[in-house]
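Have a look at the structure that comes next, please.
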Amino acid sequence: MIEYVENKEIIARRIAAIFKTGDVVNLGIGLPTLVANYLPEGVTVILQSENGMLGLGPAPAPGEEDKDLTNAGASPVTILPGGCFFDSATSFGIIRGGHVDYTALGVLEVDQEGNLANYKIPGKMVPGMGGAMDLVAGSRVVIAATTHFEKSGASKLKRRCSLPLTAAKEVDLVVTDVGYFEVMGGKFRLLEWFKPYTPEWIMERTDADIEVMSTCRCADFE
Amino acid sequence: MIEYVENKEIIARRIAAIFKTGDVVNLGIGLPTLVANYLPEGVTVILQSENGMLGLGPAPAPGEEDKDLTNAGASPVTILPGGCFFDSATSFGIIRGGHVDYTALGVLEVDQEGNLANYKIPGKMVPGMGGAMDLVAGSRVVIAATTHFEKSGASKLKRRCSLPLTAAKEVDLVVTDVGYFEVMGGKFRLLEWFKPYTPEWIMERTDADIEVMSTCRCADFE
Amino acid sequence: MVQKPIISADAAAAMVKEGMTLHVGGFLGCGSPDAVIAALAARGTRGLTLVCNDTAISDPKSGRTTGVAPLVARGQFAKVIVSHIGTNPETQRQMNAGETDVVLVPQGTLAERVRAAGSGLGGVLTQTGLGTEVAEGKEKVRVGDRVFLLELPLPGDVALIKARRADRAGNLQYSKTARNFNPLMASACALVIAEVEEIVEIGQIDPDQVHTPSIFVDYLVMAKGGV
Amino acid sequence: MVQKPIISADAAAAMVKEGMTLHVGGFLGCGSPDAVIAALAARGTRGLTLVCNDTAISDPKSGRTTGVAPLVARGQFAKVIVSHIGTNPETQRQMNAGETDVVLVPQGTLAERVRAAGSGLGGVLTQTGLGTEVAEGKEKVRVGDRVFLLELPLPGDVALIKARRADRAGNLQYSKTARNFNPLMASACALVIAEVEEIVEIGQIDPDQVHTPSIFVDYLVMAKGGV
């Protein structure tokens, strides 16, 4: 009997392994931000922050914060050499114009059509979409980063999103803490399962169509 | 008997007297460029050049030309203190967005509806509109600057333009070497006549509807 | 070059009249004109429509606010047009209570709509928001085999912006991510008030390095602690 | 930060293939990538579509040319999409002889169409050109009581641009009015080659003062006489 244990680190590590040197990447607030900590040695990606910078660096040392230098979540950050700043129209020109290779962002629900809901729970929580709608519509590859299950035990991968959508049919990849999926042909195609889970275990507990690819393999992050 | 003598200086001087301090002005290539030489003492206007600058200054001294600093006619120019440079999208954002108070430009024909033709004589000369269409459509006030007559003796102020239009119904003021007109209500309204001409003389020789305003006065540039 | 008047934060705030549409720079408070906002909060001018990236941060526990949050707290906005209200629970409360009309706009669309207002465009076509609530009631335009949303300009009466540095003519330079929506807001409003940390003489800013040209700026206000 | 390859003008010109759409920066030759243009003229690649402000200057008396004029002289363009050909009589001759297809676009509309291509917009609405030949055959969109022309994006295969300075990552700074269309062209093409007068180390350009971010630039070429 396999027991599910939420594990955000695995999600961040698997996403980090997707990128190659030179990729321009936008990491959403929350879970996706962790991805920056797991970029493989020798891989240099360029992080974009939609509030107006390229070359996003790590958080500053305590006392070194600059009131004029924050990320899209208002946290103090730094800029790496070779980075630059620009206004919001340019920032979203970069995003909408397809100049961002990957965007990784958190989800409330993601479905097998590639629909994504992450900005609103009617009557309960309406934070607003911020830059998410543009990022999902504009980035070359959209990665949904999410724990596989809600606290209630329901899977966040759905047949059909029930919450208001952030974007329709734009999600390309889904990385959870049990596996790595590609969204194609109206299905979640399982590319990797993460130890100790199995494809059967994942399919049983996910209320969506999952196809296990012939090339599907087990990835061990222990 | 009054004889017509072409006089570009009068046109430039009359236009220069229209502006007040702080106005943002674009002067077209050719005749309108002369306007800069006649700005009254104490009036500080800000000249915009559509190739990407504000604060256009006079031509540089011989030998002081900068290959990277030209006006929209490719002539070497200078920049005044407090001026700045920007790209073509910003330049036309300024123009189209109504941030240019006055544009003065040359004409082939201008008519009593405010139509302007200055970019094309089919089968003969097709230089292209450059920035003229945006300038005429976008500027707050459009001043047509032209000698009153062609070499042939025909007036350049028409009932109806016969050449392809640069813009429809956008001309506000017309300054020629015989008078100063406002275009309104489908007529040229004569605001000033220039010595030695008279309103009667102007109306006789101009194939268009001209209304002499009750406030119309004689201006003497001798 | 013409010099721009340097006025007090309160004189600036007095130019904002009841019912006006107010564009405010800043991103969750980073790059906000805090002195003018404080003066406007003190005046209490009401019935305003806000165009801003967000309603900034209001922390109910610590009482800490950033950006336009003091204006939200005093109920000075009848309507807010923003991309994000998630860090200001008071905006959410006012929305749920029907006290404030909240219009959520995708951030990139908001930027283009403000830019369109400033640059004389009648609208722009974007795919952002297609298939979502954002598309409801909006005109769709087909170009070839693709469908786009028509998004319309968002002009304003007064822009309150924040820059690092101005020269006396009003040319502006911003600092780092405090730039964000500030240059856009400056282009889209009838009256533009720039709060700055430093005012230098004309000629001291490299003309290749001006972020907002002087002609967009009507008044300068010194930020608190500025020089 | 990733460094960008520094290649010869000829290697850059070799990336431009027959039939491609080529966006070239410069305004009547001011801010044109002259070394790459000379190399492309030497190669003689034909059937190109040009997107540029103008076809630059060609003086039949002195033989002096600027900007893209050498490419025009060799008949390398099947089509040019520009705002102005008045200073290049050879373009007019080719147009009248039916050798080159000339599409005239208002300068501000050209700028927005290139920008739209670079920033993922499906088009923009403008009043420029209404009631003129420019409006013929184009879709009109009514917004409220105003009518606008729908102008569509102009993307390209290769952009040849010119900057004053690059760092090794490809961040660019332009000089004075040599900026013009260069930043726009850089945003709108699949491949971007920047000719520069100076290449400095990464970190030597102030990140607040970058005109074109490095991610838009694929290759760097040294201008003749550059350092």
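Letters A, B, C and D mark the chains as written, and numbering starts fresh at 1 in each.
One rule holds in what follows: a contact is a pair of C-beta atoms (placed from the backbone, for glycine too) under 8 Å apart; a residue touches a chain by one contact, two chains touch by 3 or more.
Everything quoted here is computed from the prediction, not taken from an experiment.
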Chain hops separating chain C from chain B, counting only touching neighbours: 1
Common touching chains of chain C and chain A: D
Winner on C-beta contact pairs when B-D is weighed against A-D: B-D
Label of the chain whose CA centroid is most distant from the centroid of chain D: A
Whole-Å gap separating chain B and chain D, where each centre is the average of the chain's CA atoms: 29
Between chain A and chain B, centroid-to-centroid distance (C-alpha), Å: 56
Distance between the centres, which are taken as Cα means, of chain D and chain A, whole angstrom: 36
Between chain C and chain D, centroid-to-centroid distance (C-alpha), Å: 33
Residues of chain C whose C-beta touches two or more other chains: 112, 115, 120-121, 126-127, 174-176, 179, 207-208
Touching two or more other chains - residues of chain A: 53, 79, 85-86, 89, 92, 95-96, 138
Touching chain combinations (by label order): A-C, A-D, B-C, B-D, C-D
Residues on chain B engaged by chain C in the complex (per definition of touch): 21-22, 24, 44, 46, 53-55, 79-86, 89, 92-99, 138
Interface residues, chain A side, partner chain C - complex: 49-53, 66-74, 79, 85-89, 91-92, 95-96, 115, 120, 125-134, 137-138, 164-169
Chain C-facing residues of chain D, complex: 112, 116, 120-127, 139, 141, 143, 146, 148, 150, 152, 173-176, 179, 207-209
In the complex with chain B, residue positions of chain C that touch it: 1-2, 115, 117-121, 167-169, 171, 187, 202-203, 205, 207-208, 210, 213-216
List of chain D residues in touch with chain B within their complex: 27-31, 53-54, 57, 66, 82-87, 92, 95, 102, 104, 106-112, 114-115, 126-134, 164, 174-184, 211
